[in-house]
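Both complexes shown next keep chain A, but they swap its partner, so chain B is in the first and chain C is in the second.
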Partner chain A sequence: AMLRASLRQVSAALKEGRVTPTELCQRCLALIRSTKFLNAYITIAEETALKQAEESEERYKKGQPLGILDGIPIAVKDNFNTAGIETTCASNMLKGYISPYNATVVQKLLDHGAVLLGKTNLDEFAMGSGSTDGVFGPVRNPWSYSKQYKEKSVPKSHSEDEESGWVITGGSSGGSAAAVSSFTCFAALGSDTGGSTRNPAAHCGVVGLKPTYGLISRHGLIPLVNSMDVPGILTRCVDDAAVLLGSLAGHDPKDSTTIQDDFKPFELPNLTDVSKLSIGIPKEYHAPGLSSEILALWSKAADLFKNAGAKVVEVSLPHTRYSIVCYHVLCTAEVASNMARFDGLEYGHRSDMKDSTESMYAATRREGFNDVVRGRILSGNYFLLKQNYEKYFVKAQKVRRLIANDFVKVFRSGVDVLLTPTTLSDAAPYTEFIQEDNRTRSAQDDILTQAANMAGLPAINVPTALSERGLPVGLQFIGRSFQEKQLLTVAKWFEKQVQFPVIQLEVVKRHDNGVFQHQKSASFS
Partner chain B sequence: QKVSVEVLDHLEHLALVDFRDSEGVERLQKAIQFADQLHDVNTDGVEPMDSVLEDRCLYLREDDVTEGNCTKELLENAREKVEEYFVAPPGNIPLPKLEERETFLQGS
Partner chain C sequence: LAPWIPVVGLEIHAQISSNSKLFSGSQVQFAAPPNSLVSFFDASLPGTLPVLNRRCVEAAVMTGLALNCSINKKSLFDRKHYFYADLPAGYQITQQRVPIAVNGSLSYSLCIGNKMSQLVTKTVRIKQIQLEQDSGKSLHDDTRCQTLVDLNRAGVGLMEVVMEPDMCCGEEAAAAVRELQLILQTLGSSQAVMAEGQLRVDANVSVHHPGEPYGVRTEVKNINSIRFLAKAVDYEIQRQIEELENGGTVLNETRAFDSKLGCTVPMRDKEGKQDYRFMPEPNLPPLILYDTKSLPANMNHQQVINIDWIQERLPDLPSVKREKLVEQYEILPEHSFTLLNEDGLAEFFESVVKQTQMKPKKVIGWILNDLLSYLKLHSLTVKESPVSSFLLADLLNLLEKKEISSTAAKRVLAELWKGEGKTPLEIVTEQKLELLQDQKELEQICQAVIDGQEDE
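After this line comes the complex of A and B, so read on.
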């Protein structure tokens, strides 16, 4: 069961020679081809991936691997620059754009010997919470095709069921989440501005880590909101996320918003005694629209900690209900600024309009951006107008401070980690999801995740249980600034307690001949 | 409070993107309505927050040239170029006024 192993397990197998990097790479590429219907990948870098795998193999033969990540197939969200490989942000604006450089995080992965399989699908320019609004079409949640989901769904006509019943991945890093969830890679990079890594992680049943703002370099990540964006890490277990974090974190002179403190990669201890832990349950995260199923799971999780001896306290983050509004204003304002670089002159799409510079820019942008992007640019410009600047933009910045302060107060009161739901419900069917517009959906779906972006705090989604429909539900832990080790230690303990089931995908079994080990222990739900 | 056509036109000029149709304009209206909820919050005496890293100093490196000479790479992705120049259509020509422009707002 090589493809379904964890990153650390397969790394050990590579070291022991039980599998070679090229064999592993070939298997992943074959599985990507077989799961094309998921639409998780925009570009598959087959040639370069095989070359990287060959180079890795040489190193293993010499007994000189670069580290745990040497030879490990990974995928990268298509809003990270990758030298020589098309980077589109799922937009017509960047179709055909071949990056001249690697984003720092991509370079770091390659320097550690990782094998870059390809670029994953997303909402256009990472704006959205469904991975449905990119020009290459929507990403399908692999769980739509799982035995667990099919067993629970009401059978319509057999052909109709497969085609129209599929559920979304969540977003905007849906392609990366689907890629990890369907075993085509062992880890993937996403980005997280309002929840874009944690949301699809929850819907696809994988671990999604949003690191503290300033810990991981944003150089080469095509920016959405400079004050909130972070690269996100998607893996199948918490230990794997710690491995990725270890190779990515640290000061980058090319991104002056990365902190200069020394970062030491860490291995996570196997926590057995949680009696010294204080878990905070923010009551405002019982948000309107939270499904009763998730509420029950959240409550059960709190009890789990309590029964294990941890201190579990209800806390208050009073400005929670304004955080989505605040985010909306700050996000659109920064977007208006960041999207100004796309004018057709130096890269990307360029209109044939020749009358004047301004009319060329206008036509290029009309042709290159979708409704969602244009909408956010226009809203952002509205909030930044002289007559609105104080009323909206500065006001939102003040509210941001109140939100950040809410967290400071709670952590100062002795709470180590907060426990909240990640999403309001399990993944919606695509046909249902698209009935509301992108802004409404984002406002609904980001509600539990984006306060962490506003405050710059680290947060992680841990897959918890399956819903009644047989789909993944995750819970979120939010930690103190730069205390990823503590956050991940708690998350790992929780992961061990809940024993989230492995997805049963027929197509994967066919590719992954070998003993398939069933998760035996009682599931959490 | 509906946004006036003058402001909508002004926004199209500033943003250099178009509203395209009534849905686009509605989208803005809804966005403003949504944002108005901010005014329910009391922010007296609260300083605006630019960055969560405000308590730290940004890294400033030495003013030494460490990379460059990548003209060829930088020109690769441009559609219109001549020698080492990006070529733009003539500048200093303002966008046509509302009445003369092809825009959805014309009908408003």
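After this line comes the complex of A and C, so read on.
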């Protein structure tokens, strides 16, 4: 059951020689092929991955692995620059774009010996909460094909098959979440601007960590909102997230928004005594539209802490309800600015329109961007107009400060970690999800995750239980700035208590248990 | 007819003299092969981020201090958005909200009066100095209906110096810019050579009647030399006056100076009343500068800039240099201006003074009247002078020792100018220009002349 092991477990196996990096890589690649219907990957870097696996194998043979990540297959969301491998952001604008450089986080993973399997699918330019609005089509939640979901979901009619009943992954890092959830990789990079790592993590039943803003370099992450974006980490368990964090965090001279302080990678203690812990339950997170199921789960989780001796207090973050509208202004403003560089001149799609520079720009951008992107650009430009700047952008910045101060006050009052739901409900069926437009969905779905981005705080989704429909539901912990160790320690304790079930996927079972049929590749000869 | 008061303000962009660009590590170099000095950031590749160049900040601080500005200990960076082929990111990073230096002043001098011998000192207020990126260059190829874009210059650091509308004519504008140029070159913060685009000047011009509010102003661009600056400003003032006296109006527009025709014309491709949608640059934290008092003890000195440290190391500014020249050599203030105005002339002068016994007060005449006029006549720089300071000193020594007359000295200088490698003494001997010192010989000559006269 190698494919379904945790990162740390498989790393130990590599070290002990129970499996080789190339074997592992080939299994993952084979599983990716078999799970193509999920549409989790945009580009599969088979050749380079196998090469990296071979190099890793050499190191293990010499007894000189680079660390825990050496030989571990990982996937990267397609809005991170990867040298020599297409980076598309799921947009026509960057179809075929081969970046000449690696994002810092990608470079760090490679420097630690990780094997880059491929680039995962997303909403175009990370704008969305369903991973449904990219040019390569929507990502399907692996749980749609799970035994758990199939048992619980009531077939509406005999004609309805898996094809139409599948549920979304959430977004925008849906591809990465699906990749981890379906065992094709042991960890994946996502990005998180308003919840884009935590949301799909919750819907796909995986751990999704949003680190503190400024802890991990954004150099090479194609920006959505520079002042809120962070690289996100998706793994099978909290310990694995800590491993990834350890290899990625730290000052990057190429990113002036990373903090200068030294970062020390840590191992998570096995917390047994939570009596010194103070858990805050923000009442405003009982948001409109929160399913009764999740409400009950949240309550149960609070009780879990209480019964174990922790101090559980209700707190208030009064400005929570303004975060969506505030986010809308600041996000669209930055989007309008960040997308200005896509003119077809230096790279990316260029229209055939040749009448003038302006007409070439206009045609290129109309052809290259989907409606969601263009809509946000128009909104953002509106808010940035001289006559509107004060009453929209500056106002939103002030509201942002208020939202951030809410958290400061609560943490100052003695609360260590906040416990909230991650999503309003479990994953919706695709056909239902697309009934509403992207903007509406984003506004609805971001409500529980957005404020942490406003305040730059670390937050993590921990898979908690299955819903009545047999789909994952996660809960969120929000921590103090740069206190990832404490946050993850609490998350790990909680993870241990809830014992979230492993997804039962037939296709994975076949790949994981069966005799490995794949003939020895040329690399061994 | 009521008098007109012209009002002239200037926006000057000085390219910072640094090895690399303002926010990226690519090199700064004039006339390199197209697109050979372009980093990923300069090309606006997605995902790249700006990293502030320390040297550029130091250059701006130095310049701010030299212009008597208050240096803002906290300044901010902003994005200024517009679409143009030479602006890869679709925005320029600049300092719109809080620039690095504000509220300074620049003193400059003009020669006025009938003989241009009276020196007046004027002051222009410096509104601010801000750091910003230069754009690339676009060349329009009309025959092939295409635009060629060279990004070598994209991202080079600029200091924008804004001079308040305290000037009244082309001469003042030219003198102010000349002084700024000298200051920048003395500091080394910019080489400020206009011909290489290292110093670009835009003039804001308006006219009004005394007691009335300021008139509508026009912006004049495309001024490629200090001489053209004076011409452009004066032309524009005149144009506006004529326009208004004929019952017309002055439009708030951007005009280009046409150096061939000597006039300003409305710009075809004007940016117009654009809304630049300014927004804070989210990838650059506020720029914090320190002085000795505010510098925290445990700060890594490589990470911070200490304004006092820079102040202490400022070189002598031109005004100070001039004062020193006047004091040391007892020359006139006007002289010191000319000395500093010509690249290398002050050094030449001082070198001659060192090598001759002639008083500097007398040497200066030879430098400014004779040497300089020869240089100007032949369009040569001091460096290119065929007469070295050694040769001139040699000549002046002959004069000082009364071995030749000053008339003869001028003839020798004319000969030296040919650059044939002869020494002054050789020329004097050749042309028999020696002053006769021998009393007896003089009497003989005089007697011969008188005798010759009697014969007639």
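In the analysis below, the second predicted complex is superposed on the first by the 509 of 525 C-alpha atoms of A that agree within 3 Å, B and C clash if a C-alpha of one lies under 4 Å from a C-alpha of the other, contacts with A are read in each partner's own complex, and residues count from 1 in each chain.
Note that contacts are C-beta pairs under 8 Å (C-beta built on N, C-alpha and C of every residue); 3 or more make two chains touch, one makes a residue touch a chain.
Not measured: the values here are computed from a predicted model.
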Look at A:Ser153 in the shared chain and tell me whether it touches chain B only, chain C only, both, or neither; answer first, second, both or neither. neither
Contacts for A:Ser227 in the overlay, against chain B (first) and chain C (second): which applies, first, second, both or neither? both
First (chain B), second (chain C), both or neither touched by A:Ser6: neither
Thinking of the overlay built on chain A, is A:Arg400 touched by chain B (first), by chain C (second), by both, or by neither? first
Touching partner for A:Lys386 - first (chain B), second (chain C), both, neither: second
Partner chain(s) touched by A:Ser278 [first = chain B, second = chain C, both, neither]: neither
Could you look at A:Glu358 and tell me whether it touches chain B, chain C, both or neither (first, second, both, neither)? both
Which superposed partner A:Tyr322 touches (first chain B, second chain C, both, neither): first
Which partner chains sit in contact with A:His219 here, chain B, chain C, both or neither? Use first/second/both/neither. second
Superposed model, chain A: greater residue contact from chain B or chain C: B
For chain A, what residues appear in both contact lists, the one with chain B and the one with chain C? 100-101, 227, 253, 256-257, 260, 336, 343, 345-347, 354, 357-358, 361, 381, 385
Within their complex, state which residues of chain B touch chain A. 3, 7, 10-12, 14-20, 23-24, 27-28, 30-32, 34-35, 37-41, 43, 46-53, 56, 58-61, 70, 73-74, 76-80, 86, 88-91, 93-96
Chain C contacts chain A in the complex at 40, 43-52, 79, 81, 83-85, 88-91, 145, 147, 149, 151, 275, 277-279, 282-285, 303
In the complex of these two chains, what residues of chain A are touching chain C? 80-81, 87, 89, 94, 99-101, 103, 218-223, 225-227, 253-257, 260, 333-334, 336-337, 339-343, 345-347, 354, 357-358, 361, 381, 384-386, 389, 393
Chain B contact footprint on chain A (complex, rising order): 97-98, 100-101, 213-214, 227, 251, 253, 256-260, 319, 322, 325-326, 328-329, 332, 336, 343-348, 350, 353-362, 365-366, 369, 371, 374-375, 377-379, 381-383, 385, 391-392, 394-402, 404, 437, 439, 443, 454-456, 481
